[in-house]
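Comments concern the structure below.
Order of writing sets the chain letters: A, B, C, D, E, F, G and H. Residues in each chain are counted from 1.
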Amino acid sequence: MSNVPYKRLNKDDAVVLLVDHQTGLISLVQDFSPNEFKNNVLALGDIAKFFNLPTILTTSFDSGPNGPIVPELKEQFPDAPFIARPGQINAWDNEDFVKAIKATGRKQLIIAGVVTDVCVAFPTLSAIAEGFEVFVVTDASGTFNTTVQQAAWARMSAAGAHLLNWFAVACELQVDWRNDMEGLANLLSQRLPNYRNLINSYTKFTAK
Amino acid sequence: MSNVPYKRLNKDDAVVLLVDHQTGLISLVQDFSPNEFKNNVLALGDIAKFFNLPTILTTSFDSGPNGPIVPELKEQFPDAPFIARPGQINAWDNEDFVKAIKATGRKQLIIAGVVTDVCVAFPTLSAIAEGFEVFVVTDASGTFNTTVQQAAWARMSAAGAHLLNWFAVACELQVDWRNDMEGLANLLSQRLPNYRNLINSYTKFTAK
Amino acid sequence: MSNVPYKRLNKDDAVVLLVDHQTGLISLVQDFSPNEFKNNVLALGDIAKFFNLPTILTTSFDSGPNGPIVPELKEQFPDAPFIARPGQINAWDNEDFVKAIKATGRKQLIIAGVVTDVCVAFPTLSAIAEGFEVFVVTDASGTFNTTVQQAAWARMSAAGAHLLNWFAVACELQVDWRNDMEGLANLLSQRLPNYRNLINSYTKFTAK
Amino acid sequence: MSNVPYKRLNKDDAVVLLVDHQTGLISLVQDFSPNEFKNNVLALGDIAKFFNLPTILTTSFDSGPNGPIVPELKEQFPDAPFIARPGQINAWDNEDFVKAIKATGRKQLIIAGVVTDVCVAFPTLSAIAEGFEVFVVTDASGTFNTTVQQAAWARMSAAGAHLLNWFAVACELQVDWRNDMEGLANLLSQRLPNYRNLINSYTKFTAK
Amino acid sequence: MSNVPYKRLNKDDAVVLLVDHQTGLISLVQDFSPNEFKNNVLALGDIAKFFNLPTILTTSFDSGPNGPIVPELKEQFPDAPFIARPGQINAWDNEDFVKAIKATGRKQLIIAGVVTDVCVAFPTLSAIAEGFEVFVVTDASGTFNTTVQQAAWARMSAAGAHLLNWFAVACELQVDWRNDMEGLANLLSQRLPNYRNLINSYTKFTAK
Amino acid sequence: MSNVPYKRLNKDDAVVLLVDHQTGLISLVQDFSPNEFKNNVLALGDIAKFFNLPTILTTSFDSGPNGPIVPELKEQFPDAPFIARPGQINAWDNEDFVKAIKATGRKQLIIAGVVTDVCVAFPTLSAIAEGFEVFVVTDASGTFNTTVQQAAWARMSAAGAHLLNWFAVACELQVDWRNDMEGLANLLSQRLPNYRNLINSYTKFTAK
Amino acid sequence: MSNVPYKRLNKDDAVVLLVDHQTGLISLVQDFSPNEFKNNVLALGDIAKFFNLPTILTTSFDSGPNGPIVPELKEQFPDAPFIARPGQINAWDNEDFVKAIKATGRKQLIIAGVVTDVCVAFPTLSAIAEGFEVFVVTDASGTFNTTVQQAAWARMSAAGAHLLNWFAVACELQVDWRNDMEGLANLLSQRLPNYRNLINSYTKFTAK
Amino acid sequence: MSNVPYKRLNKDDAVVLLVDHQTGLISLVQDFSPNEFKNNVLALGDIAKFFNLPTILTTSFDSGPNGPIVPELKEQFPDAPFIARPGQINAWDNEDFVKAIKATGRKQLIIAGVVTDVCVAFPTLSAIAEGFEVFVVTDASGTFNTTVQQAAWARMSAAGAHLLNWFAVACELQVDWRNDMEGLANLLSQRLPNYRNLINSYTKFTAK
């Protein structure tokens, strides 16, 4: 009945792709405030760590003006495959990148990057064409302005990509709070100040 | 010819699902002003009562920071099935919740909740996958910001969910004003101040 | 290749439906400024007249608080079928309304009304289900706010409706400026102040 | 040192003026959503009652299209001076209105009304010219759009009016929560859903 | 006590200045939609006529790209002083313009024009410096974008100009509806569609 | 699996269509600021030149108020087919225009124009119906306001058009930076000030 | 010549007041996103520490629904005067609070809090009335919505308060980068992601 | 009568100060789009050249991450005093900068820079305190977001600064188009695309 059947994210079948979150390129992002964007990207990093998802980093010309990958991501994933692309704009055109993905044996790609309309959209469209399920983390992907953002979302959605946000990724992978309540609460509380406030109020009140 | 054939809401085939409208979680909602959101949620409650629709309430960890269900809803539906989920994030993963729905024998699910991208989107996607018609009440469902809202709407719409608002739900169920003109006018007048103003002007003018 | 094949508006196959543009109901519209909305609705009326399209007016309870149809429309179409619905919310549930449409023998419905999510969306969805091509004039249709507007657009678009604006309707029906250049220029100049300015500048400059 | 010395609201020196909150005129308001505006106006009414402030109601042509005063206000202040102005646009031009104010012996005017740029701004400017302190409740005063709102605010502020919101009025009059903690909490909880949520969470948690 | 004492508009002391509403220049205006702006400018013209205020028109290089004055204004004021400035940007630098103002013997200048930051702001600042009271009709004055608008408003307000909107001008000049109720109602009803709707509903209801 | 399979832009199969970027018509555009729009359109022109894509220019009544094509485009493509349409609104109705396209033997149409809902949407829909792949450059296409823009995007997307932005076009055609790094960097640096800043900082720092 | 003479912040004459940043009250803030607000408040805390400014914390009913002070602030200032007000809404009404300020012997108050219109505005107005210079850190102060924010800003500005943002506070206190370049760079880089990116790009490039 | 008497810009008494328009710092600007901001800054540069105004450039740490001055400005003013400040944040604290200004003997300072709240606001406040007239070019000055922008504008305006935009600067200095019609038209046409369109339409039409 539906056009795009529900593909539920599964922590045993998902891999995270972080594309071109570089110190120079991020200065181009204006569809999120810098703090909002930083928080969202690091939240996605937290999720990848928390669920032990294989994670693949890639950059575009990081020796040039685009700048190096933001250090927080590199530190978070010191041993992850890191593909510094020598020139391919679409990361899917880089054999090492695709090999690294295929090496995981996983079919669900959780992707985010800078800029949404190119560094995210191109590999998303290519991966769908090869039969992968692609989940675009819209709030960890940034671009020039909201007009460009909306066109890029429409293009990816029309091609069958699943649009969602980092919080939905975390919750869909977690399935049940009881799998690790403290762990998830801790993750959320670092990235959602109002959730942290709820926890702090609760702790205070129930301690009385 | 169309992709998603018109499924008309029918008061004999519809059930209302109110998911995680809890005092703590609502503080996370920023895509509606607090008053706007409260009014919309209570309007949906009014509709469920007015049309005698079976209504199912559920909460996530209501003994923790998420807080209890907002009292107005609990008071409005004192005898409705109330499923306090012990940990499942997707309400559809809770057997009691799904059983309560199936026990009604109805196939049209009218759903709203907090937050849209998780507590609404997940059961919506699961229910569609099981063959239910799902009608998402977009203005009685809240989340972190409009960017997240738009991605969640896109994901649900792509999967075949029907997006609509509480006023459309009321009107589609009513079919004809003559079924209970005073009742519907009273309902609308509590929740649409400008409609109430029209009625009050009318009453004044025609009383002359 | 495409999902919704191009159905080109044709002045010999189109009929205009103006639904519930009533003096009371219009006070509910807040997704357009009052002047913007009035201008758009009257522009659509101008188009119907200019192309001699059969036009059907309908109202909901015009003896009650919803108020009478706005006089400009009634004056513009003194002899058009005018169906004052006694209670049906979905105009398609009113036999006279549907009969009036079918009596024209036309299959392309150009529809606008107040409010978008109900008075426009319901007959749009019903008509598509019966095989009509429906063209929703989005800027001559108003509702409570843009959140409601966006959900209603999404629902109708998913069902196969064509979303467009009055200017596109005029241009698609005209096909070629040479069919009546002065007539179309006059129409546009009444409703698009910046276009009128272009004409006035041109006239002044070339008269020198 | 400052241009406009701090005039602190004092419940023994303040009077509330509610100007032209009529069922017809309110349909002109588009700088607030209808629910937001209704909530703000009724909150101001609550405040007047709670602090036993003398309150004066006035309307403009309430037998004509402007419509009667909204019933909630009339019910809230059944015995308040009610001046149905026969024609004066600036309420200050109506002798009865000014007499009613002067009869209270108070010098601090808390004013709100529809529309901000006329029904609020004119008496505000006149009263300041006569030596009154005027506190404009900006969120209980509505008008056509935010451009008009901003110009009206600028005009009143330049003339020495104090711009504030209903919540600030309540808090400035209360001075100390201990003067009536339950009373104020109850008032706020009816008009600030997120504050009500805080109270409900707190009650639940501390009851454990 | 106040910084800018209330100067009440008086129909016997006011003159209207319409500056550079030209067919070319108006295409630069983007802080109002074209329809909104046209309606506001013509409303101000209506007001000048209705109160028989002396009105002075001026243009900047109307034989060049700036284009001629919009015909509606020229038609509305066929006998008004019309000063086609040969080059002065600040209309106050044109002797004929200032002479025409001084010939009226009036001290209250109601001004609007295109663009706000130049054609309105410059003569406003000059006139204040010469002791005139200047009332800037903010919504009949347009410019490039709202950032420019806000800076221009701030500059004029700081210099002592009164910022208001056309509706406030009409109401302040009228003083009392009884001075000509039908006339004012007619004026408003042409320019405020929602007010017209109120009148039409009222007429319908009370005719029953 | 996807609805709209990924069609990757290919510089050997693409042709650029620039429709009605005329000096008069552009004054109607209000969904982009004038500078933003000019920059986007010229960027698309730069891309066509850089990749040597066949480019076709067309205008609507350029001897009338719509005005001539903006000179920058004409200068950029002095030898390109230039079809001054004598009256057809939909450029696809003009035989010369379609012939010029077919003469290139290319199947990927990159289109932009003014106004989006007519001059872009009509040929886009017609071309898709004839089997072409159409890539709409959303940020080099302008119209009256964002409401109209959104409806036009929805209509084209539903029909199978690919929505994207000029930067994505450039990157998809380039494939690999190494194909001409300096050339692309130069192009981007003229049209993306923040990218130019990155390059200038880089050059300065590495020169030390 | 100026109305409000420049009072330059001086690290030897300034004291920081953090008012009611409590876990419950912050859930009322909607004029900033939660992340944006958290970042701004903590940045102000960083500044107070960096410049060794005396800092005073105060809360309103922190044993009730308002919740405890956010732990980050308490941890940052373990030894600062902490005044848990038993009921006074205006902190200036609390003798201990004012005494703590006067004990510093400083005359420049840097204030921020929740909510802007009450907890910040009231002590700001009171302090100005007593001759203090008050610097309101607008982006570390939050409230219900931007309409309330704007009215509160206007009220404080009219009374002579200096409106500024945390970044301006840091820079005005620092005077010269050379006073502690690394220290300030480190502070900014924690709170301004784009500034951190500049530093990281620079470090990478110059290390080559 | 006015608070801030009209100080008319005079090309013989004005000097232009361009503060910290550096390749790194500009990446912090988000209250204007990058293209909009670049265009505004270069327009101000054009004005300084066109009127032969003495122009002074200054930078903050241009050998560090802040980056060098944008090359276009350096090229436009190769011989202008260029003060690379070794550490002073407020340019007014740099003796060379103030000396360069005083050396011109001029009293009207036209200032723009990055970021508005610091690099523009600080020298503006200092200069006013020393008796200069300061004209802040609001649209050639950028900062982190509009909230910061608005607070900075309010602070400078309260201190007596004149807020205006580059177009107003150009027009106020020009006084009369006849002083150099072609020159000014050329300047505007490079920076105001819609004005260029007017000129191009005019030229085409009158050439016929």
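Methods note: contacts are C-beta pairs under 8 Å (C-beta built on N, C-alpha and C of every residue); 3 or more make two chains touch, one makes a residue touch a chain.
No experiment lies behind these values; they were computed from the predicted model shown.
Enquirer: Indicate the lowest number of steps between subunit E and subunit F, counting one step per move to a touching chain.
Expert: Graph distance in the chain contact network comes out at 1.
Enquirer: Among all the other chains, which ones are in touch with both subunit B and subunit F?
Expert: Shared contacts of subunit B and subunit F: A, C, E, G.
Enquirer: Could you see whether B-G or C-H has the larger number of C-beta contact pairs?
Expert: Counting C-beta pairs in contact, C-H comes out ahead.
Enquirer: If I compare contact pairs by residue number, which of E-F, F-H or G-H overlaps with D-G on over half of them?
Expert: Repeated interface of D-G: G-H.
Enquirer: Return the chain whose centre of C-alpha atoms lies at maximal distance from the corresponding centre of subunit C.
Expert: Computed centres place G farthest from subunit C.
Enquirer: Between subunit C and subunit F, what's the gap in Å when you average each chain's C-alpha atoms?
Expert: 30
Enquirer: List the centre-to-centre spacing of subunit B and subunit E in whole Å, with centres computed as mean CA coordinates.
Expert: Subunit B and subunit E have C-alpha centres separated by 48 Å.
Enquirer: Mind pulling the subunit H residues that touch 2 or more other chains?
Expert: In subunit H, the residues touching two or more other chains are 3-4, 24, 27, 33-34, 67, 192, 194, 197-198, 201-202, 208.
Enquirer: Which pairs of chains touch one another in this structure?
Expert: Applying the touch criterion to every chain pair yields A-B, A-D, A-F, A-G, A-H, B-C, B-D, B-E, B-G, C-D, C-E, C-F, C-H, D-E, D-G, E-F, E-H, F-G, F-H, G-H.
Enquirer: Over in the complex, which subunit H residues touch subunit F? Could you list them?
Expert: 23-24, 26-27, 33-39, 63, 67-68, 70-71, 191-194, 196-198, 200-201, 204, 208
Enquirer: Of all residues in subunit C, which touch subunit H in the complex?
Expert: That would be residues 198, 201-202, 205-206, 208 of subunit C.
Enquirer: Give the list of subunit G residues in touch with subunit D in this complex.
Expert: 3-4, 24, 27-28, 60-61, 64-67, 86-90, 93, 115, 117-118, 121-122, 125-126, 128-129, 131, 144, 147-148, 150-152, 154-155, 158-160
Enquirer: Which of the residues in subunit D come into contact with subunit G in the complex?
Expert: By the definition above, subunit D touches subunit G via 1-6, 8, 32, 138-139, 153, 157, 162-165, 167-168, 171-172, 174-179, 181, 192, 194-195, 197-199, 201-202.
Enquirer: Which residues of subunit A touch subunit H in their complex?
Expert: Going through subunit A, the ones touching subunit H are 27, 30, 33-34, 145.
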